[in-house]
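Here it is, the structure in full.
The chains carry the letters A, B, C and D, assigned in the order they are written, with residues numbered from 1 in each.
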Amino acid sequence: MSAQVIDHRGPDFADVGKTALDGMKTIFKTEAGRVFIYPASGTGAWEAALVNTLAEGDRVLMYETGHFATLWKKMADRLGVRAEFIEGDWRGGADADAIEAYLRKDTAHEIKAVCVVHNETSTGSVSPIADIRAAIDAAGHPALLMVDSISGLASVDFRFDEWGVDVCVSGSQKGLMLPPGISFNCVSDKAMEVSRKGGMRRSYWDWHDMTGPNATGYFPYTPATNALYGLNEAIAMLHEEGLDNVFARHARHARATRAAVRAWGLEVLCRQQGQESGVLTAVLMPEGHSADAFRAQVLRSFDISLGNGLSKVADKVFRIGHLGDFNDAMLMGTLSGIEMALAKSRIPHSAGGTAAAMAVLEEDIPAAIAAE
Amino acid sequence: MSAQVIDHRGPDFADVGKTALDGMKTIFKTEAGRVFIYPASGTGAWEAALVNTLAEGDRVLMYETGHFATLWKKMADRLGVRAEFIEGDWRGGADADAIEAYLRKDTAHEIKAVCVVHNETSTGSVSPIADIRAAIDAAGHPALLMVDSISGLASVDFRFDEWGVDVCVSGSQKGLMLPPGISFNCVSDKAMEVSRKGGMRRSYWDWHDMTGPNATGYFPYTPATNALYGLNEAIAMLHEEGLDNVFARHARHARATRAAVRAWGLEVLCRQQGQESGVLTAVLMPEGHSADAFRAQVLRSFDISLGNGLSKVADKVFRIGHLGDFNDAMLMGTLSGIEMALAKSRIPHSAGGTAAAMAVLEEDIPAAIAAE
Amino acid sequence: MSAQVIDHRGPDFADVGKTALDGMKTIFKTEAGRVFIYPASGTGAWEAALVNTLAEGDRVLMYETGHFATLWKKMADRLGVRAEFIEGDWRGGADADAIEAYLRKDTAHEIKAVCVVHNETSTGSVSPIADIRAAIDAAGHPALLMVDSISGLASVDFRFDEWGVDVCVSGSQKGLMLPPGISFNCVSDKAMEVSRKGGMRRSYWDWHDMTGPNATGYFPYTPATNALYGLNEAIAMLHEEGLDNVFARHARHARATRAAVRAWGLEVLCRQQGQESGVLTAVLMPEGHSADAFRAQVLRSFDISLGNGLSKVADKVFRIGHLGDFNDAMLMGTLSGIEMALAKSRIPHSAGGTAAAMAVLEEDIPAAIAAE
Amino acid sequence: MSAQVIDHRGPDFADVGKTALDGMKTIFKTEAGRVFIYPASGTGAWEAALVNTLAEGDRVLMYETGHFATLWKKMADRLGVRAEFIEGDWRGGADADAIEAYLRKDTAHEIKAVCVVHNETSTGSVSPIADIRAAIDAAGHPALLMVDSISGLASVDFRFDEWGVDVCVSGSQKGLMLPPGISFNCVSDKAMEVSRKGGMRRSYWDWHDMTGPNATGYFPYTPATNALYGLNEAIAMLHEEGLDNVFARHARHARATRAAVRAWGLEVLCRQQGQESGVLTAVLMPEGHSADAFRAQVLRSFDISLGNGLSKVADKVFRIGHLGDFNDAMLMGTLSGIEMALAKSRIPHSAGGTAAAMAVLEEDIPAAIAAE
């Protein structure tokens, strides 16, 4: 990514652009879908998904999985869409049954899209996308299924084609291990068709402006050239390890982290079994203790940056990330730092979290290593 | 820019963000204006300027200086604005008198904004922004003055406050010497006021969402963190040399380049004296010769990448860039390569272009060097 | 270090060279000494120390602290010096009393130098240089004191002037955190005087060829220019943290590491209390288990690279490094990896090493953090 | 080269070391020779060549081609070798006939080696190595042929096996385009045999210590690991272009440079036709003008760093480099800067040097480009 900037209209650029567009299809696990790459952060790709498919006044169904789902709903409201929210307690993924029930009541099929967050970074919960697809189908409802997998893609399992997703929104700075600055839409034929005649007035985000130049690896306006070099490298690294191995690695670290949290006598925010995120684990602070003061302590003492609680859970949770280029030793270093900081900050807890995590890691050895 | 990504909500980020926002004010030469930084390329910042200030159906006056002015107009059209175009011949900047005359006829003051491109990259012409401000004032017209200086800022003189600009759009990849990926709006109090009650439905581009977090160096959504490191370094480099010295350096290289073009017997596309760009010089190919074939030749033989002609002048001009970190030897290398390629490609021309350029450079010595 | 190579005879180089030479004096803690920088690895700086001060047939006293002391002795032998070796068991630093006794017997003062390794990387032991100086003085012996601190300098306390060292040999790739490729001699006036008339035939390593050009920041032959940029940055980083804080950080990590080793029921190779290295801890494998097989396991499973046992202790010890840019979390990650690998490899041990290390770290909090 | 430092005793290092050692054989054009890589600059590799093959008191024949030949002779003197010098006027390569005549007189075969500089950087002359080999053979003399190609290798033609060289000395910072810091010996079987029983006392430079570890890609002491990454990349780049294409590129630039010098009415230092270097061209300043003042002017005004005159030609010549990653435009930029500085500094000269150079480049088009 520190290479010279090349001419994005020159002959050498086509290969960079084509490799990125094709490579992202393998990450989304799609053959039928089209990928669009925006020089924008993930919030821009949210907007792109909405303005290409929805008109002002259209109804959409969203699900309150946490902070980011709430922000996406606010964006929809501001863009003039009538976003309806199934309320959630921020302690699990979206409930497919609730979505099905909601859609069944919409006999006029006014709801144009169901929007859910795949991996809710603010809570560490994962929504069951395949179940939600099944729920929409069971209700016989034609709404598009639009999924935010900004923080999930390339870290936890995602299958665009198999799960019948219509639009998936993602970004560069989580599972793709890049600086923020580029973001993605992956779009089904059905959604392309909807956008052809519909959506709002738009220019920067328009999918159809992209398809012509994209066909040969170019873009209708200046792309973030150097980020694309990094993207191509990141995709190659993911396939070298194997996407499924990456997912397994994160899931195993999540299990070990939860074991540590339980051993400390603390509570994991996500309480839906099977919906805990492989990307991060959010931990509830004991009543009467500030999560942010604790996070500041951990940063100062151990140079470990924990995520903060956002809006409803502000100062009530801290979030332990275990995504990207992360291994057992890095996880144990992180958990040890937290355990030491719990002691130093006199947070009521039991010792032994790191030992519990270690026990999980020892027992639950990846096949690749076990075979050695 | 190859540093680790830091947490854009963490304590260390505030300083990075504040330095960037304050630093850009010195580059725009503004004290009163507000700067907004988008994780987007310049096209996004165009859209931001339009959606924050204009409603659907609003009339705006634009001026056809070249390809980029035309693209901006198309964007306005697509967003539902009624963009009116004063036609131009692509051989100079915008004509302030024509703008004044146009505005005088709009006695009802329906025109909400005058939009001009400062440095038209497709032609190498610079519009006289101060004159255009004077023209608007002479017509007693309340329209906003919105300027695209994507390729001009930090390369040719620009004065936001002194020239009475209301919105200036810019980007990272020209005078700021960065990869593409971040772009800017600089906004006057008047434009902020207009946008408060007006503009279109918007979210990603909204100025008012930015002001709160920006006050302490943060952003409402994920910024392109690593590009901001580069931006802060670029701003420091520009001030180390001195902005006015940078402008003088580019202007002198432009003069030498024009001397070479004249000596070759070729024609510079910009024919308005005093409006020639310091950033680049567009050169007309003799009738019957393909500019693109010539550019391909120059790239193959000398590894020099010339700009191509866009739309109306496609294949008719080639463009010589002399912006960024560029010195006399690099200019002479470029011009020598072109002169050799003219000979090799049997383009009708006189030799001696490089000698003519050298004569200009020798005569026209920067004060700093002359003093030595 | 990835900057363009600059002309090492040009005007800008003087500052780079001077900063490096002066900066290294602060690292050696010397005002009177002269620093020489070689484009060579540490082995070259060993040779430089010998050939500048000793003639063929000269007697020198060396001390067998471990593998590197043995290699240095072999080098002396090959260069024609009569190196005499006080044998050691590789489980502590050099014994000052033994040195004093040896020198007292040399009433003719034939021994020209006493050579000891400060931080013996192969064993994790530190020799008491100040005591050895006192021993030489107590014996009333004029021998030079030559110290190899290739792996000690900038990681464990070293005081050239205060401890009366005559020649200190060091390198770039340990405490200075650089790639290997440059190495150092720090030389007292007494040693300079000895070398003026003495030493062996030499050219590349000659101190006196260096002094002239060094005075203005230049070198008699091509220096490793880019490594010098890195060196200047490393020196600045060390002073930013404070040399004594760096030493304290490593010593605390060494204490925690030993606590872990003891809790595992394993044995630390160094058994001289007070001579344990802050740079690394060598651990004896239980009888009948291969240290190298264990190291390979740790590398495969946890991507942690442990040091191997060298010559006499080959396959019998593994070495845990805790030098350079290292913090509590990284140490705990390393120790956790080792504890998990001990279990996985069925090495007889008790669990609880990481808990013991954590207890040391929690109790023994650096003043800077405790104050927060 | 900015990668993490890896363990030079670890399993991954073997491949790095082996690739470097094998790759350098292709650059030296040898199958029979052995390559040794030193963490040292070129001066160290000079010393290595001498101490491995010569004993104190041995006679060697050297040839005064310029400053570097003189320095190498001084080194030989200091190491106790009896170096005899055929004097030269610094205006051409070594004279094979003079060498043959000298050797014929040595009927006792006391002379153990003939040492010549291949590309004399101080003068821009190349010695005819194949002719010198023939001269030695014609004289029926058994002396080793030792060649310094520090600045020639990978820039001008060199053929270790075909030319019957016994020891070739080289370095990283010229044709291999790396920072200084590693250097090379390439050694014939005959020289290996001589060194087995002969040479001086030595340790760091000893060839025979290297052969064991080198066989599997390792080194007997710490190598400059990161420089080896760069070396492997440089070798790949050279073969991608083709070594012979690299030589042709430099030779063509040298011809154009000489045309410019002649057109200016100045004199090239090398006056032996066919021995002008492709690496650099040294130019004599007109009587009464300081070359160093002129060089300072060129650096200030054009940021072009010219080489200085060394010892005998100090302040009398400036040197124009045209090696490494260099193309026509860069050469023309350099020559234009010099021509402008000649004018500015009022050095008596004719204009038109750049035009003359351009004419050569236009006429003398590389086959690869001409074919397009």
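The working rule: a residue touches a chain if its C-beta (ideal position, glycine included) is under 8 Å from a C-beta of that chain, and two chains touch if they have at least 3 such contacts.
Chains and their UniProt names: A, B, C, D = Serine--glyoxylate aminotransferase.
Small disclaimer: the values here were computed from a predicted structure and weren't measured.
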Discussion item. Quick check: more C-beta contact pairs at B-D or at A-B?
Written reply: A-B
Item to complete: Among all other chains, pick the one whose mean CA position is farthest from the mean CA position of chain C.
Response: B
Worksheet item: How big is the gap, in whole Å, between where the Cα atoms of chain A centre and where those of chain B centre?
Response: 36
Worksheet item: Centre to centre, by mean C-alpha position, how many angstrom separate chain B and chain D?
Response: 47
Response to the item:
Where chain A touches two or more other chains at once, the residues are none
Item to complete: Note which residues of chain A are touching chain C in the complex, please.
Response: 297, 300-304, 327-334, 336-337, 339-340, 343-344, 351-352, 354-355, 358, 361-362, 365, 369, 372
Worksheet item: In the complex formed with chain C, which residues of chain D make contact?
Response: 1-2, 5, 7-10, 38-44, 47, 56, 75, 78-80, 171, 173, 179-182, 200-204, 206, 221-227, 296, 299, 305, 308
